[in-house]
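Should a chain be cited, it is by its letter among A, B and C, assigned in written order, with residues numbered from 1 in that chain.
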Amino acid sequence: MAESLHAWPFFGSGVLLFVLGLHALVTRPHLLIKVLAFNVMGSGTFMVLLSAAARGSGEPDPVPQALVITGIVVAVSATAVALALMLRLYPILGGAGLPPGPPED
Amino acid sequence: MEAQGGYMLVAILLTSLAPGVTIFFLREEQFALRTFLNMAGAVFKVVLVVALLVGVYREGYTYRFSVTLLPGIDLVLAADALSLLFASLSATLWLVTTVYAIGYLEGSPRRSRFFGFFSLCVSATVGIAFSGNLVTMLIFYEMLTLATWPLVLHRGTPESFRAGRIYLAYTLFGGSVLLAAVVWLTVLAGSRDFTADGYLSALYPEHGTALTALFVLLIAGFGVKAALLPLHSWLPRAMVAPAPVSALLHAVAVVKAGAFGIVRVVHDVYGIPLAVEMGVMRPLMWLAIATIVYGSVRALFSQDLKRRLAFSTVSQVSYIVLGVSLAGPLGAMGGLVHLVHQGVMKITLFFCAGNFAETLGIHRTGEMGGVGRRMPWTLAAFTLAGLGMIGVPPMAGFITKWYLGLGALESGQGWVIAVLVISSLLNAAYFLPPILIGWFGCPAAPWDRERFRGHRLETHWMLLLPTLMVALLALGMGLLASAPYSPLGWVSFIFGVAPGHGSEGFAGGAGP
Amino acid sequence: MEGMSDGLTWAAWLLIVPLAGALLAGVWPRAGRWIALATSVLVALLALGAAAQVWTQGPQVVSLGGWVPPLGIGLRLDGLAAFMLLVAALVGLFVGGYSLGYIPRDGHGERFWALWLWLWAALNALFLSGDVFNLYVTLELVVLASTALVALSGGAAALLAAMRYLMVGLLGSMAYLMGVALLYTQHGVLDLGLLAQRGGEGTAMMLAATLMSVGLMAKAALFPLHVWLPPAHGSAPAPASALLSALVVKGAFYILLRLWLTVFQDLAHPGVMQLLGGMGMLAVFWGGFMSLSADRLKPLVAYSTVAQVGYLFLAFPFLLAGPGGWHAAVFLVAAHATAKACLFMAAGNLQEANGGDDRLASVAEVMRARPLTSFALGIAGASLVGLPFTVGFVAKWILLQTAITSGAAFWAVGVVAGGLLTGAYVFRLLGPAFRPGPGRSGRPVPVLREGVTLALALVCVLLGFAGSAGLRLIAATPVAGPGG
């Protein structure tokens, strides 16, 4: 785990955000909330990565920063696709709530 | 012995495979082309098989072809004397049945599909005959399942669908058991070619339990198609298929594939000495005896003609297993020669049943009264084959029972002769009444749908001619049993003994 | 030994060519089909070249731009990767040919070409990636391209299925990424090879293994995380369904296998591996029963994917069976990919001929009048069941042989029983074609499509003779842990 103490708040709150986002993504039917929840999860993960940059005592590790930037780009693209799909579904569903449970047919 | 060109074996498979696949894509009305492809393939196959027979018998050649499937596992086609016994039976009867089927199905729908699957079945059967190892045999055995199922369904009635479902359930289950057993055996002993006296003796007694379990699984896997008790009940139901299918597949190809597999397992995988030492031959013999008696009794109480024949098949195929399980050369000769004899006699009976049904609408044995006056030739063929089944000399069935009896004495189990006698009495009890009322009885009621009246022959020539040919063949096999190319002569050649002599030079299974 | 090379090699071209094709097809949709055709032939040749290089020279590691890990990004081209590339190329080639007759020449349908090439590029990148973060990026690319393919038809069911798939896909990716973050926290490297050397069993590793495995299992649609798959694969256009079922779920499986072969090898305790295998077996039976009770063609085929994915997870218990135990499951990937792509293509033909209706009872009438497609359906079905002469038989044989060799005969019983279940639903699908009554060829279906479908079925047969070569290629995978 992160050896230096000052990284712990980042690590802890990152995990917390991840769990919160996960909870909302699974339980909330509203699509916009799902998309937001996914982004919250992403932010949590990025914070955990950032806490890894602070490992050791010397200079901060630059690699996690690069990873986070890439991750943000990926997350933004995914969000864009999700939002576009949501907009297409909005008139069909008459709202942005995902109907419960996919049909098992 | 040098291995000759294996391309001959591939060519033999292709003579039915290629026409079969082509026929699928022919339009229904392309009758001439379809018939030509069928007949050309069938004739060509017989010619090739005869060439192999001569090569093996005169020159002592062996033929082998192999392709690697997986590391250490080859697909092997090989022609030895035993494989040619089954292959020549299949090839000859395919030719005859093709003629019969063309006549039988004249004017009926979906003939392209029928003949396509029919040819695939024959390819699979010949593949089983020429399989050089268990893996190859398994492959063709499963292919046979796949190709036969559509033929059982062919009529498309709810009844045939029920039969198809049951057939598939039994054979897929049997195939899976066989697959598991063959994989297990391959893990234990590697994938080896069939060899006389087997290749497993080095593993005994270290892996004794595994070998016994494997024997049970292998017999169960092949026993499904051989209709051994208690795995037989698909066979009578499958009789809803058209007559040529019942004739070739359920009297010859499918059930014989199972019996042939059992012969290979006992002789060429385990080997008689090992099988005897393991003590598995005695249970196998009891199983065969139980099936023989059970099948005969059920046949006696079946009033539907095809159903009676089917139960008779259940009983008769087990003669082959009985012969093998007697564990001596004479018994084995009886069993193997029955592979051919029963095939020819039973196909005659099925052709006759098909003729009665097609011409006069007769389906039940009770309706056969007086049929001899309307259809003397067919009833004559039926009589010859029926007497053969009972084992009346000089018919082919007598030869079988004679050798089985000798085999029983040879192995010191003379009481088996009693079983043969009981079985023959039961055979007589269910074959003689229809023959007698056919010749001497009177029709109970006018036949409901009489066809071909006023023809020069009693029925369509393409139905009558094949019937008479196979009947004569059955007669000839009995009368000329001592000729070198007769089934008995060939079986003697397999075991390296002269027909009618003792057991010197017993060689096991494969080849001289 | 792993060969080292830099500069533009087979591996690099395998990324560049489909990506360039996707871009070209994207900016010039009218020429999409021809660009896609040229690209797919080229990529197939490149995949062959890559496989040939592994075959002759052994595994390769490519450092892009000459930067070596941990700083640079490495591509690894070994037997496992080459095998997957070949499978993708084979399926891609046939799906491409099929799509020529499927995708209309006008309007938005032509966006299919760019998406398909995009997906192909992403999959190739996934198979070739040598570090865990790159794998994350490729996973996301695959999810986005697949989502777009599912939604392509634009209907309500398709959009909804795409949305659900996207949500599960993103959830899985995020769980995976969290695992990557934990791994980096632990070891400070991302390269698979370096991670494998460090190994380790601590809490953080276990947590990372759990997160990544669960995320990937959701993407691979392993029971009980499969609920998104049948609607998604059932409502996509036929070529897209074929790609998704044949390749995309295999991508997630591939990463999972890679991770357990390298990074998590020290965690591969028998209990954990048996658990994964057991879940696979549950999937086989659950998917099988759902297929058996489906009354429409595409859901039947889609549920069969749920079942067949289960077999793949036998790779994990087999990891412990000795060197190469997992090869069996990888070979099964090829068997399932070809058979399933063929089945979806055949289903597409029948559904279109039947006016969009894929209820089994009415599809049977069309089957009677279309021997080419029905034959393909029969052969691909036989391959799925594992009947000879198909690649499915060979794959089943290897699975059984591995199960018995590993002394865990109960997996063999599972495989055999699962095969019987597969037989039950395949023959239930084929049976009605033999009912009497007139055939109906229905609406016209391009002969090209029927021909390509049958050709792929014949490939299922031909691959039955490629068992030795396939296993040899897969074996050219350097593995240090229990699977090596």
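We adopt the following convention: a contact is a pair of C-beta atoms (placed from the backbone, for glycine too) under 8 Å apart; a residue touches a chain by one contact, two chains touch by 3 or more.
Since this is a predicted model, take the numbers as computed values, not measurements.
Asks: What is the identifier of the chain with the smallest separation between its Cα mean and the overall Cα mean?
Replies: Answer by centroid distance: C.
Asks: Name the chain whose C-alpha centroid is most distant from the C-alpha centroid of subunit B.
Replies: A
Asks: Which two chains have the most C-beta pairs in contact?
Replies: Chains A-C share more contact pairs than any other pair.
Asks: On a C-alpha centroid basis, what's the spacing between subunit B and subunit C, in Å?
Replies: It comes to 43 Å between the two C-alpha centres.
Asks: Please report how many Å separate the Cα centroid of subunit A from that of subunit B, as a whole number.
Replies: Chain centres of subunit A and subunit B, defined by C-alpha means, are spaced 68 Å apart.
Asks: Measuring centre to centre with CA averages, how many angstrom lie between subunit A and subunit C?
Replies: The answer is 27 Å.
Asks: Among all residues of subunit A, which ones touch two or more of the remaining chains?
Replies: none
Asks: Residue numbers of subunit B touching subunit C in their complex, please.
Replies: That would be residues 24-25, 67-71, 73, 109, 138-140, 142-143, 145-146, 149-150, 153-157, 161, 164-165, 168, 172-173, 175-177, 179-180, 183-184, 186-187 of subunit B.
Asks: Which residues of subunit C touch subunit A once you look at their complex with the stated criterion?
Replies: Going by the criterion above, the answer is residues 70, 133, 136-137, 140, 143-144, 147-148, 151, 154, 156, 159-164, 166-167, 170-171, 173-174, 177-178, 180-182, 184-186, 188, 190, 204, 227-228, 230-231, 234, 290, 294, 296, 299.
Asks: Which residues of subunit A touch subunit C in the complex?
Replies: 1-2, 11, 14, 18, 21-22, 25-26, 31, 34, 38, 41-42, 44-45, 48-49, 51-52, 55, 61, 63-64, 67, 70-71, 74, 77-78, 81-82, 85-86, 88-89, 92-93, 98-99, 101-105
Asks: Inside the complex, what are the residues of subunit C that reach subunit B?
Replies: Touching subunit B: residues 371-372, 375, 382, 387-389, 393-394, 396-398, 400-401, 404-405, 412-413, 416-417, 419-420, 423, 427, 431, 434-437, 464-465, 467-468, 471-472 of subunit C.
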